[in-house]
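Note that subunit A is present in both complexes that follow, paired respectively with subunit B and with subunit C.
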Partner chain A sequence: MWKKASSVLLATTMLSGLLAACSGGESPKTTDTGSSAAPAPSGPAGKATVQFWHSLGGKNGEYLDAMIKRFNASQDKVEVVGTFQGSYDETVTKLQQAVAAKTGPDISMLERAYIQMFADSDVLEDMTPFLKKSNMSQDDLTPGLMGHSVFDKKLVSLPFNRSTPILHVNKTMLDEKGLAVPKTWEELKTVANALVIKENNEFKRYGYSMPYDTWYPIAMISQAKGKFFNDQGTSIGFDSALGTKVFKFLKDQQNTGALYYPPQQDSGNIVNQMFISGKIGLMYQSTGVIGSLKDNVKFDYVTSFLPMDAVYATPTGGANLSLMAGSKNKDAAWEFLRWAMIDPQGGLQFILDSGYLPFTKKMVESQQIKDLWAKEPNRKVAYDQLQYAVDTNKHVAWPQVMQEFFKAIQAIMYDNKAIEPTLDTFKKEAERLLKG
Partner chain B sequence: MDKKRIWEAVRPYVMILPAMTGIVLFVLYPVAYLIKLSFYKYNLMNKDKSKFIGTDNYTQIFSREDFYTALLNTVVYTIGVVVLTLVLSLIIAVWLNKRKRFNAIVQAGIFTPHIISIVSVALVWMWLMEPNHGLLNFLLKTFGLPGSTWLQNSSTAMISIIIVSVWQNIGYYTLIIVAALQSIPPSIYEAAALDNASKFQVFRKITLPLISPQLFFILIIMTIGSFKVFDTVKIMTGGGPNGATTTLVYYIYEFRTNSIGYASATGVVLMAIIALLTVVYFRVLSKKVHYQ
Partner chain C sequence: MSFEWKYVRAPLSFLLKAIVLMIFIFPFLWMISTSLQTFQETLTFPPTWIPSIPQWVNFSTAMNAGPFLTYARNSIIVTFSVILIQVLVMIPAAYAFAKYRFAGKEILFSFVLLAFMIPGQVTFIPVYLMLADWGLINSLLPQILPFMANAFGIFLLRQYFMQIPQEIIESARLDNASEFKIIWKIMVPMSMPALATIALFSFVSHWNDYFWPLVMTDSAAVRPLTMGIAMLRETEGISNWHIIMAGNVVLVIPILIVYLFASKQIVKAFVYSGIK
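Right, the complex of A and B next:
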């Protein structure tokens, strides 16, 4: 028994030695730097390695990888290693565990709504001194996107892949009916109801739709001049009348078929598909889908501001980049962040590739962005809408409150529960969470 | 001599040491840690910000409506799955018990769902249950029946999930019952036939008691398994709509990032419930089980 085990052990060791030799032979380049073993955080001869966790898969992931490659090629002091960690939520879970185990990355992408939670645990580095050292200031960044960047007067994250919801319009369908793109809720109601086609008690076509998300109700709450949280952060910032107005607006139209409210699972893809196949004429959806819609639709496709009630307003979305306080390579990591912000080959190229919003003023003024907007005015609409950007759902307890808000949305939109009592319950739960 | 006696006394402990090390490290320690966490408002990333709050988490659990909803959902799911699976697999097993070539094929077919990953199963069923272009509603409409909303309505979502779980489970438990049926000595049936016993009497007085150990095993395994259901819920409904399919484990999972203390406390409660159920089963039911 023991003999057998030891021989297996021996064989394994030999085999792994062999494998190591093979891999060494295949990539002579890595041995140049003199670190054939695991890359040390910063060897005297080697480069400083910066771990970068992100949540961009698919095409956007490729664009990000290309950006990292450009950075690594541009200088010889820092090597950034980008790792895809799954969706925003998965990245958050992994990051929490990694920080606890002290194996976290140097830089991480964080969905904006989670930033406060991390900042509250003091695990995000204040980047103000770094910004100062590089002769930059917060004013260089796009103001509409800074809503989640500052916590306790500390600059804890920088905007990166940011988006907003906008109204996607099937212009061809509207033109057939002689309808104009709606600018207000009332117009939206009229247009959407006019688009409905009903045959044998079944809807063949709806007016508009939106993914199952808190984003859109929050947008509508701020359009009706409400705030999601009050200024003291002790309760929600919209009264029962305002909340009822928002949800009644949605509910009434859901009942007439003007609004199709999709099922919870995979709702984003479902509404995109319906928009592409002409089953809805209008869609509330992120700016992030402009690129893929443009390639897939066979009709005249335009974008427009979200319709207003009392005012134009939109929340923002997407993710920021944060420097982790536990990083041992902060200077090297900052070098990458700085490069991404100012170098035309950095963030600017990534924005051009992916279609996210330009996050510095320099980018907005750059010739490349101007050319892009001239060619694709749909993208410019999203940036222009930023002047109305307002994020009122900022609170350390937001992720918990969000869960409760989702429950309220489900109860109202799926189960036809009475709006007012549902919102009252939500308010009570929210206040309990905000107190803790 | 003395040495030998010491060794004799110590030997059993030495022998179970490897297994016990594993159990202590991977079962007992985590359970103890879970209980500890349940008394904290825990901050995973910055331990200095964790706060000992005594039994507050437990007070919160028992005063929150959504916990009771989750508990009720779990009970409904468990009863649904256990009863349906048990009854259906018993019927199928009795039918399959006649040794025919055709039956072997059916048995293999019924067993297949069990070897397919639950993720694939759930995704395919989601597609079948799609209300507008799904196959199930298409079939219902062909026969002139009204379609169902399946997963997209809180009144039908739970039964839809139960159907999927039962469909996946049935083959495995049928197999166990068929094996049990075939281990019953034919001589007993012959004796019953001589006494002119009716088919129903034979089933109730002979078959059921003789396979009761296996049925008891299935009952316990399935109840515990159903209480811990997670994968189908996560993939097919995400606990919705409106919490209609939020089971206890999914409820715990929802709190994983932002309220670790509360999630741990709920975990402890779940553990207690399952322990209680198991004890009750053994106390009450084991007396009715006939061991040969």
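Right, the complex of A and C next:
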């Protein structure tokens, strides 16, 4: 008797477990018609469904969702489903496995430095024919942001949420000391050292800071007229003297307290917080923080070009949008991309909301952008700096070389290793990776 | 010498415990404090500990930032299905490994140990490709199926079962008890502390898991809470830490509740020795 009862009990629990598992899989499709992302070639009412993977969380994610909603409401042929896929790096991982499994999206956001790797494996569609069909051309797009769009004469990505590093300035602090915003490395050195406050062998205030990232050393290499990779893509493009100059510049100032180099973990948040609370007067940081800084600082806040050495130069950042070669809905997906580029309710509104750089010439000339820049000149500085935009870290093997460059930065900035031998080791490692 | 030591030991042990407790509890307090602050307060330095006005609204802001009801439901279904199936697989498997003799037992058990040692980061691509091939990517099954057998659980429970004297099982067999009855009436009740421990570990690791759902799910409809909270972060720019921490508090509460119920059993599992 007991035996029977217990086996029935066991069977029921087991079944209910399986049922729970199954219904968990089924129910989202029926209950969440609004947000459901079940991939189907055509959604309800004969609409073509376009899957769009992106990496925007937080406020910017909300702005992007709002843009997608506006598109879906604007017409009744295409339904775009935007899905957050984690950070830029995580999206790359997901995209790699999804392309292999043929479960990939129609459109994907790609951090600009990863685009070449995907272009090289022929998984990104050439958008030139689509552009032509829509009577548009590459010249309609912002030139400074096109560095990661054309590979092998194919237009494989369009700039979308793009940013650059820029110099954020606590003008109040500089004014107190009678200092002008630095325009060159030498001026930066003078200003930063003048801002340092040291009491009882402890730094109360530093001059400037920058997040732990390859972005800023690369910017400085370009400013010293070097290239990160050489033109043949066989080695790094700056010699030992130039590399030493860049890192010696940083290291010397780190030693005097002019530069605070933050710890690796959460370095971006640390430097933002130090800037807001007046622990540093200047900050190298993405244009992406302008909006939050403007709302939260209690001093006169301005932006300025990154200081020049031989020339002004800045790398670009952020992400582009690519049409996936494996998409079965390319025309529908293109319709969304086209709309995002030309419709004032599309990309333009997203740019106004988020503060990313306007990515078409039409946007730059639009009244809305002009009004925004009149109100917030800090944003115009970011756009103006684009005339000096140059991305020299372009190579299929960049993600691997980046890891090695990080190691070199760590050795120099944290472990006080001698600069020259460290860069020599980095060069050797880079050449090995570039050959592969 | 030993006399003096006695007086030092108690306060010292108290002090060490207090330090360890602080190390563990500090991040929790920080999280709760931040979850109740305004954005401005999260940015001030030195940091505020007690928010001037507790911002309960952060919780609703966090929960309204996405389909959090769907996320919560998915988290609950996935975690509880995993635990249930694991327990059902684990008990007979551990019993067989502990008490039976059969050909290939050692080899099979070494497979279990192997599974125990290989992290998900190694297997996720083949598993994803296989499940995509079966058309399961838009269901919750990719978060459940790969975890049906808990290798660590089988291992731990086997050790536990081996401590139970063979005589007890033999005498039950003499009384004509079926194998099922032996498991259900003898093995399971005697190993309750171990089972509770394994279930709790499993609960915490699946409830908190970020990596596996990230790589196994492509749409919001099948994602758990952890993914929803990751979405609160800014990709570039300054994150709203007060909102993210409010999300984290919501994520952690069920773990604390489950722990409250299971803690007694867990302590037992570690002090258990022999049969009473």
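Following the convention adopted for this analysis, the second predicted complex is superposed on the first by the 393 of 436 C-alpha atoms of A that agree within 3 Å, B and C clash if a C-alpha of one lies under 4 Å from a C-alpha of the other, contacts with A are read in each partner's own complex, and residues count from 1 in each chain.
The criterion applied here is as follows: contacts are C-beta pairs under 8 Å (C-beta built on N, C-alpha and C of every residue); 3 or more make two chains touch, one makes a residue touch a chain.
Keep in mind that this is a model prediction, so the values were computed, not measured.
By the touch criterion stated above, A:Ser286 is placed in contact with subunit C alone, subunit B being left untouched. After overlaying the two complexes on the shared chain, residue contacts for A:Ser55 are found with subunit C alone; subunit B is out of touch.
Looking at the shared chain after the overlay, A:Met117 reaches subunit B, while subunit C stays out of its contact range. Looking at the shared chain after the overlay, A:Ser163 reaches subunit C, while subunit B stays out of its contact range. Once the two complexes are laid over each other on the shared chain, residue contacts for A:Gln97 go to subunit B and to subunit C alike.
Of the two partner chains, subunit C is the only one touched by A:Gln273; subunit B is not.
Measured by the number of subunit A residues touched, the leading partner among subunit B and subunit C is C. Using the contact criterion defined above for the overlaid structures, shared-chain residue A:Thr83 touches subunit C, although it does not reach subunit B. Look at A:Ala180: by the touch rule set out above, it reaches neither subunit B nor subunit C. Comparing the two interfaces of subunit A, the one with subunit B and the one with subunit C have residues 93, 97, 100 in common. By the touch rule above, subunit A contacts subunit C in their complex via residues 2-3, 6-7, 10, 13-14, 17-18, 20-26, 28-29, 32, 35-39, 51, 53, 55-62, 81, 83-88, 90, 93-94, 97-98, 100-103, 105, 161, 163, 269, 272-274, 276-277, 279, 286, 288-289, 291-293, 296, 317-318, 355. Touching subunit B in their complex are the following residues of subunit A: 89, 92-93, 96-97, 99-100, 114, 117-118, 120-123, 263-265, 397, 399-400, 403, 407, 410-411, 414-415, 417, 436. Residues 39-40, 43-45, 65, 67, 70, 73-74, 77-78, 80-81, 84-85, 88, 124-125, 128-129, 132-133, 136-141, 144, 178, 180-181, 184, 214-215, 218-222, 227, 230-240 of subunit C are the ones that touch subunit A when the two sit in their complex. Here subunit B touches subunit A in the complex through residues 41, 43-46, 49, 66, 126, 151-154, 235-238, 240-243, 254, 256-259, going by the rule given at the top.
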